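Each in structure tokens, the structures are laid out below.
Below are two complexes that have chain A in common, paired first with chain B and then with chain C.
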Partner chain A sequence: MKSVNKKIVLLGNEGVGKTSLVKQYVNSIFSDEYLTTIGIKISKKTIQIGEVAVNLMLWDIAGNMMNKTLYNNYLQGAHGILLVADAMRYETYESILLEKENHLSNDFKNAVTCVIINKSDLIPEADADYLKAFKYDYLTSAKNGDHVELAFQSMAEQILETSRT
Partner chain B sequence: MAIEKDHFEQLRHLLLQSDRDNYAEQNERILSKLDELERELNDPEKFAGVIQKSKSEIIDVLGPVLGKMMKKFISSEISRIKENIEKQSKAIFSFQFLKQKIKNKVAGVSKSDAAISEAMGGSLLQVFVIDKKSGLLIGEYSPQNILEPDLVAGMLSAIKSFVESAFGEENSELESLEYSSYKILLYNFNRFYFACVLEGYIDAELRAQLQDDFLDLTDKGLGTISLKNIDDQLKERVEIELDKKFSKKYT
Partner chain C sequence: MNHLKTIEDLKIEIVKLEIENEKLRHENSQLTEKSEQLKALNVKKTIEAQDAQLIKYNKELEQFTYVATHDLKSPLANIQGYLDLLEIDLVDPNPEVLDSLKWLKYSVSEARQVIHELTNALKARNSKEELLKVINLEELVESILSGMRSTILKYNVIFICDFTEINEFDYYPVALRSILQNIISNAIQYSSETDFPEVKITTFQQLQEVHIKVQDNGVGIDLAANESKVFGLFKRVNNDDNGSGIGMYIVNKLLENYGGKLELNSILGKGSEFTVIIPYKNNEISTLNTTL
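And then the complex of A and B:
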């Protein structure tokens, strides 16, 4: 069976739930904590897409690393970038949008980029308009697992599709 | 009032006397036990007896720690001695040294290295070929299976990135990492790098030999590979080359 390796980087402010998303999705984790000095955690998940086994290497970058020189190095060679924001903190959404527009769409335009709004379990049920202010690709909850698998799977499919063209 | 106070004191004395006696007796017992323990610890024969009794437990606890420390210590001491030998050779027998150097150069060995490495040769445990840009594993040579080489390749690349951007010297790249008695030598090429995990005494000859091997591999087999898709076909191709190069040479 054919297999390929792909690199996905998770970006987003501190506390938006990047690590929890990875934890929810992956069962093979290098270290449960960020290696605090270098600000990164790497995990691996192998999934099946059609006839291909895709080894996803997930680079979870600590929120406080954003805007540092080193952070750019970690993004090098990424096939996909998952931008994660907290549904309860609008400023985290603004921050990833800014990052996407000013930086990623220029320097990493070949990478597939998706926006995830996490912590959907905290959105007040009565407030139907709550999400109107967000424009996103996936609404997830790392807490109960809602759409987590879907987000990673779809990203992997898009990456595979892009690499074929 | 004064009489009442006297009565109270007498009552207290009567009631607490037995407690006081008990405490005094217990204190005395504890002090004598402590004295006894102190005597035992200061008596070499008795102390040796205690150690003898729990020999295997002590070995279990201290063995691995001391083993690693000794291994590392011996390895660094050998490097130091080797340097001293070369320094002295240079100073005292400079002509002879030069002559020997030329002789060994022809054979490809330094005099001190030859003697030491013959006795202590370092062993190659693993070789990783890693994409410089993404940190993805392209292939590996690993006589002993290790857990998740993909994760190791990623973490090595992250550490490499960290060190290189922290010190930020132009055209400089991380060349080695050390952990316990293991050494990871990094040989950097344009698009990928080799990470070589070794154990034991790593002499200049072994370093140079590996450098030649990697230059040769890059020149003949791996220099033209496409890294657009890092997949199992590429991995197989790279691993065949690595196996050809290393399986007979470094066992």
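And then the complex of A and C:
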């Protein structure tokens, strides 16, 4: 069986839930206790796409690292970039849009990029228009697991598709 | 005739002398035996005296640890209580104050947890097996780094943690925490002197061993000149004024006591790589890797 390694980087401000998304996806766990990520944490999950075993290397990069000098070094070799924002903090959405437009679209244009709006469980049910201000690829909840698997799986499929073409 | 008599006399004399010689040999052997017994008795007495002294020291040390851990409990509980009150009393605090408060509370809670673990370790001191627990390295390192967060931020050290090869294994949590805390603290101290400090912590499994590697891009050590100093008590390398020279001594002693070893590679000006090698006791390989 063919096996490939693919690097996916998670970016976004502090507290948007990048680590929780990875933990939910890899270990199916969620903790309410919030600890800011220090530096970079690498996790791995192997999934099957068709005949290929895909080793997803998930690089969870601390929110405060986006303004560091060597930040670009850690994005090198990324096949996919997941930009994560907090549904309850619009400024985190603006921040990832800026990052995408000013930086990623130029320096990492070959990487598959997706926008995730996380913490969907906190969106008021009565407010139907709440999400109109956001343009996103996936609406997830690391807390209850909604669409988390779908987001990572779709990204992996897109990466494989891109590498074939 | 006289001549013959003399020969006979000599023969008798020889026999007498042989008998005498045999007696002396026997006495000598007895004396040697007694001397050996006396020596053994002296050694035994010395060992017994040293044993008694060691038992006394151990008891004193144990008592000190009990008193220290016990006496630290109440002030820490006090600090925690006041932090809770402060949190309630704060009116419209800015996010930075709230963040500092959160980390203060976290650090106090970690200190209380360490004391709790130390107390348990003391209670189970006669049975090392009781202290053997499944370690989740990601959680342990996260807790250690969180405890050092302000220093890490101050020196802008970037940590890269990759435990995808092996994350869970059996070992002694109190000992491993102290071992890694000392090595990581060293890595921060020496890499902080470079422009872009970076520390990588990785794991891998080799036969029946778990290797935990802590690699920094700091000032490095001239091993040829300093090898004897690296693990010595109160000895510091590179003539630096930082640190007490106790950390690496503790690491080595803990590994000697709990099973394991430490390997060091370093290039002056390039950085150091400390590898903690401990026996792999878990039957099932557990990693951060999940296969669907």
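Convention: the second predicted complex is superposed on the first by the 153 of 165 C-alpha atoms of A that agree within 3 Å, B and C clash if a C-alpha of one lies under 4 Å from a C-alpha of the other, contacts with A are read in each partner's own complex, and residues count from 1 in each chain.
Basically, contacts are C-beta pairs under 8 Å (C-beta built on N, C-alpha and C of every residue); 3 or more make two chains touch, one makes a residue touch a chain.
Bear in mind that the values here come from a model prediction, so they are computed numbers and not experimental data.
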Given the superposition on chain A, are chain B and chain C in a clash or a fit? clash
Could you look at A:I123 and tell me whether it touches chain B, chain C, both or neither (first, second, both, neither)? neither
Mind working out whether A:M65 is in touch with chain B, chain C, both or neither, as first, second, both or neither? second
Given the touch rule stated above, what does A:M57 touch, chain B (first), chain C (second), both, or neither? both
According to the stated criteria, A:V26 is in contact with first (chain B), second (chain C), both, or neither; which is it? second
When the two structures are overlaid on chain A, which partner does A:I47 contact: first (chain B), second (chain C), both, or neither? second
Which chain makes contact with more of the residues of chain A, chain B or else chain C? B
In the superposed arrangement, which partner chain does A:I38 touch: chain B (first), chain C (second), both, or neither? both
Would you check which partner chain A:K2 touches, where first means chain B only, second means chain C only, and both and neither mean what they say? first
Intersected contact list for chain A, partners chain B and chain C 35, 38, 40, 42-44, 57, 69-70, 74
Residue ranges of chain C in contact with chain A within the complex: 106, 138, 142, 145-146, 149, 152, 156-164, 196, 198, 287-292
Sites on chain A touched by chain C in the complex: 26-27, 35-36, 38-48, 57, 65, 68-70, 74
Given the complex with chain A, which residues does chain B contribute to the contact? 131, 133-137, 148, 150-151, 154-155, 158-159, 161-162, 164-166, 168, 228-233
Help me check something: in the complex, which residues belonging to chain A touch chain B? 2-7, 28, 30, 35, 37-38, 40, 42-44, 55, 57, 59, 69-70, 73-74, 76-79, 163
